[in-house]
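Presented sequentially are two complexes of chain A, the first with chain B as partner and the second with chain C.
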Partner chain A sequence: MMKAKQMTRDKGITLALLAVAFLILALLPQITSGYILTLLIDILKFAVLTVGWVIFSGPSGYMSLATAAFYGLGFYIAAVFSGSIPFSLLILLAGVSSFVVALGVGALTLRLRGVYFTIFTFALVLLVQNVVLEVERVVTQTRGRFVETVSTEGVYYAIFIVFVLTVVSAVLIRRSRYGLALQSIGEHEEAAAHSGINVVWTKVLTFASSAVFMGMAGAIIATRRTYIDPYIAFNLNTSFLPVLMAMFGGMGNLVGPVLGAALFTYIGEILLTRFPDLYMLLFGVVLILSMLFMPNGILGLAQGIWRKMKGGGRAPA
Partner chain B sequence: MLAINGLSASYGNVQVLWDVCLRVDEGEFVALVGANGAGKTTLLNAVSGVMKPVSGSITFMGHRVDGSSPNTIVNLGLSHIPESRQVFTDMSVRENLEMGAYPARAWKDRRATMKRVFGLFPRLEERAGQFARNLSGGEQQMLALGRGLMSLPKMCMIDEPSNGLAPRIVSEIFEILTSLHKEGITILLVEQNVRQTLAIADRAYVLENGHNALDGACCDLVESDHVRKAYLGH
Partner chain C sequence: MSQKARWGNLAILSMVLVALVSLAVLAGCGDSTTTTTAGTTATTAGTDTTDTTMAPPEQDKIVIGAARPLSGGLSVFEGNNFGPSYKLWVEDVNAAGGINVAGKMLPIELKIYDDQSDLDTSMRLLSKLMEEDKVDFVLAPASTAFLFAAAGVANANKYIMMSAEGGATSLEKELQKGTLPYFFQGLNYSNHDQMPAWADILKEAGAKTAAVVYLDDLHGIEYQAQAAVFLSAAGIEIVQSTPIPGDIKDMTSILKQIQDKDPDAVAFFAYPGQNILAMQTMMQLDYSPRAVLIGPGGASQWFANMFGDAIDGVMFEGAWSANSSPEAKAYEESLTQFMGSSDNVDHWGALIYRSQLEFFQQAIEKAGTLDQDVIAEVMRTSHFPTSMSSDTFYTNQIFDRTSYAGQIGQWQGGVAEVIDVGDKRTAAPIYPKPAWPAAQ
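Moving on, here comes the complex of A and B:
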């Protein structure tokens, strides 16, 4: 009884905190503008990419480096259609296109396991980048494209809505029979097949679902730039950073990746503005230290401290 | 119920099964015995769709299933309880069982089925909330069996349930297999523990180096010179 009461109270507090955070983020453009809004756009972008990455790679254990391919696809969808269709439709189109492409790529590659899958997804980014480069050289005979810009508030609200969508989807998937199936694939793929799970289909569908959010984020962020080219759109950093952010935050639940994305982006920003010359060096040191001393991310560290304080109790997830 | 004809299978260039035949009728308890490397596990993997056979046919309840995917075969009512248990260690006992009920046909009845499984394995109910990694070997084997039953199978293929367990636990597991059989589940049991297996099964097949060596009623096989010399040690 006591335990049940405690749990409903904890749940109530969590929900209240979430509601407050939601309101603050939703009303922020009314209060502030400029730098803070720009920083938040950056944070929300990485939060979308990181949570999107965690949806598939977290439970399944298949480390994907394809994020930049779908994000870049979103960039190009924005560039090709900007001005001719509304911003909201543009974002939707980028999501659907990424889903379709990921479905095809997934069907071809998710039979590969472990490091082979990772290397293939890495190569995919380079492949798409070079195909687009060739098409621009031979067919359109241009280099890069212009994108119509959208107001900062417009971009903020768009990425905020996609962020909420991503987190809600991630929670729903995680709690479903489907999410549990994905986790069992990550633990023991053969046993999952013996349990009657359609292993290939489950992997492909989740991979494609996670790509939707990456494509949407790409289409939104593309409008922050007036000009894009394949090197900007399909930048491999976009593939690596969400992986690091997820590890930095901890992958035990979804708070970790969001926290990781926020802190990682913010720390990067501070280091870049305060120590522009030493930025990469300091960033590397921070990263190595956090990997060494927080193997379960910030979240794991926080839970450890909580447990010690409460004397053996379990931290609220 | 299950009919295997002329089955050959190989891993790359290494052929493991040659022209193997095996039949299990509805309601039977059939054993498949043989030494390490005889091809017993490969045979089960071919039947459950985890590996594709090179040639031969596999029919389950009138459906050709060679080349079908594992989930299709589980859906037809054939459950494979794999060797060395393969439970999901970072998931709770309850979640492990829920995953066993993954086919849509079994999912809606999962609560009732779980009650039945808890009836067979009371210890799993006591430990329902614990991570499977914290179970003992015997309990993990019970969990693997329970998970296999959650898909509401008509037939179970059970691979070496005695593997790595203390003799007392092995006897307990074998008793449970007998009671499963009495409940009407058809069983194909793969074992290296020949003496105990021949004591509980109706019929048995002996596999040697990937070939059918002997088959027949267990009471006859126990008497055969070959089985006594090669597997029973006299």
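Moving on, here comes the complex of A and C:
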């Protein structure tokens, strides 16, 4: 009885905290200046990409480096259709396009495993980049495209909504039978197949679902750029950073990737603007130390501290 | 996962969201790195048009910010191109006491961030400079793609943005739409007016055919397209036009094909790496076209030094010469002294960057205020003397074609000369180009 009451109280506090956090983020453009919004747009962008990456790669153990391909696709959807269709439709179109492309790519490649899959996704980014380069050279006789810009507030709200959608979808997918199936695939793929799980379909569908958010983020951020070209759109950093951010934050649950994206971006910004000459050195040291001493990320460290404070009790896993 | 654990996760998530906002706010409250340059030499641009009717500003200095590639793939630009130009200008202005704003001399303080040659970082830092650091003015990032993006960001913040190492035909359409009222293009480019000038030079020399090798990027694609337009108009037939990738390792087959067709002129619209390879391959094949035009890198002294006597007669996109004017000669000497060597003097952009900044200084002094709108209007409508021209002005926010010291240069006896047809010419073109010197 006491336990039930405690849980209801915890639930109430949590919902209240979430509501406050949501309200603050939602009302932020009304109360703060441009740069803070700009920084938050970047943080939310990386949070979307990192959570999107974790949706598939976290439970399945398949390390995808295709993030930049879907993100870049979103860039190009924005560049091609900006000005001709509404911003919201643009974002939806980018999400749907990324889903379709990921479905096709996944169906072709998700029979590959381990490092072969990782190398393929890495090569996919270069492949798409070069195809777009060639198409632009031959068809449009140029390399880049101008994109109609959207106000900072508009971009902020769009990426905030996509962030919420990404997190909610990630939670729902984790709790769905697809999420559980993906988890079992990650633990032992053969055993999962023998227990009746359609392994390929589960992987392909989740891979494609995660691509939706990457494409949407790309379409939104492209409207901040005025001008894009294939090297900007399909930048391999966009593939590597979410992986680092997820590892930095911890991949045990969805809080870790959000925390990782936020801190990673924030620490990078602080080091870059205050210690420009030492930036790379300090950032490298921070990364090495975090990998050595926080193998489960910041979240793992926080859970360890929580356990110690509670005298060995169970921390939120 | 237990229900309690799930709610625990959500609680952490909500705290993370609140922390996100706090972090961002904290980031906005911090100080940042500042680089101040002290001056030792005198400024070359003077003006007698200072507006003293305005009240002088309360501040004691002008802070100019920029997100520049101090590291990464584009850092060569900061080291050799716009970087030395703006630093020398600040040094010169400060040595002369600063910029005269409504009777008050304000020295310049630079606030430079490293954009790591990354577009997202560059745009974020540019936003920080304008929105958070609230610098008085901003300078452009390096490369055309960054410049285009920065033009939009600066324009949205109503900050004047003068170009640096970038510019392209496609930007003209944006300027014509009137969507970038705070953007000013300084550096010349393909149809403004390098390809028309090259077509005139070739026509005057009697060339009838040409071949083009171009990098499949914005620079290469635009230049080959504009070359096709202007060479055709001059009656010069393009017998071959070949795109190359940036990581090309061997140009032998391409150059042999061109050699077989024996065009009068060959142009390489590519970057230094490919241009060096092209020069080396032509020399190895002992193929010496009657005219050779080299794109970016070709105008730099180090490029000429690299090839020694073989550079004689090679044309380059540019262009200015120490022989263009006493001001140009003085600037070349000043820049050489500033950089400690003449190796990195760039005979395409260096004088243009300098002149843009001199123009900007005079516009501020004439405006008598630091208000961006007032200064932008002065820039759009005024004529000022600069190191590049005694009458420098913008037409539709692009430096007028008459303001440049030249468009096409040629290395003659180790000296960069302007060979445009008309009054900018500092030396007659050497045509046909001398054969490559015999291998030692």
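The criterion applied here is as follows: the second predicted complex is superposed on the first by the 308 of 317 C-alpha atoms of A that agree within 3 Å, B and C clash if a C-alpha of one lies under 4 Å from a C-alpha of the other, contacts with A are read in each partner's own complex, and residues count from 1 in each chain.
Here, a contact is a pair of C-beta atoms (placed from the backbone, for glycine too) under 8 Å apart; a residue touches a chain by one contact, two chains touch by 3 or more.
Keep in mind that this is a model prediction, so the values were computed, not measured.
In the three-chain model built by superposing on chain A, chain B fits alongside chain C with no clash.
Look at A:88: by the touch rule set out above, it reaches neither chain B nor chain C.
When both complexes are overlaid on chain A, the residue A:199 reaches chain B alone and has no touch with chain C.
Of the two partner chains, chain B is the only one that A:191 touches; chain C does not reach it.
Using the contact criterion defined above for the overlaid structures, shared-chain residue A:149 touches chain C, although it does not reach chain B.
The superposed model places chain B and chain C at 140 degrees from each other around the C-alpha centre of chain A, with the value given to the nearest 10. By the touch criterion defined above, A:176 reaches neither chain B nor chain C. Counting the residues of chain A touched by each of chain B and chain C gives the higher count for C.
By the document's definition of touching, of the two partners only chain C reaches A:279; chain B does not. Per the superposed model, the minimal spacing between any CA atom of chain B and any CA atom of chain C is 9 Å. When both complexes are aligned on chain A by C-alpha atoms, no chain A residue touches chain B in the first and chain C in the second. Looking at the complex, you find that chain B touches chain A at residues 48-50, 69-71, 74-75, 79-82, 86-91, 95, 98-100, 102-103, 106-107, 147-148, 150-151. Listing the residues of chain A that touch chain B in their complex gives 177, 180-181, 183-184, 187-188, 190-200. Interface of chain C with chain A (complex): residues 1, 3-5, 7-21, 23-25, 27-28, 30-33, 70-71, 112-114, 116, 118-121, 123-125, 127-128, 130-132, 145, 148-149, 151-153, 156-157, 170, 174, 216-218, 221-222, 225, 243. On chain A, the positions that touch chain C within their shared complex are 7, 10-11, 13-15, 17-18, 20-22, 24-25, 28, 32-36, 38-40, 42-43, 133-134, 137, 141-144, 146, 149, 151-152, 167, 221, 224-229, 231-232, 235, 237, 253-255, 258-259, 262-263, 266, 269-270, 272-276, 279-280, 299, 302, 314-317.
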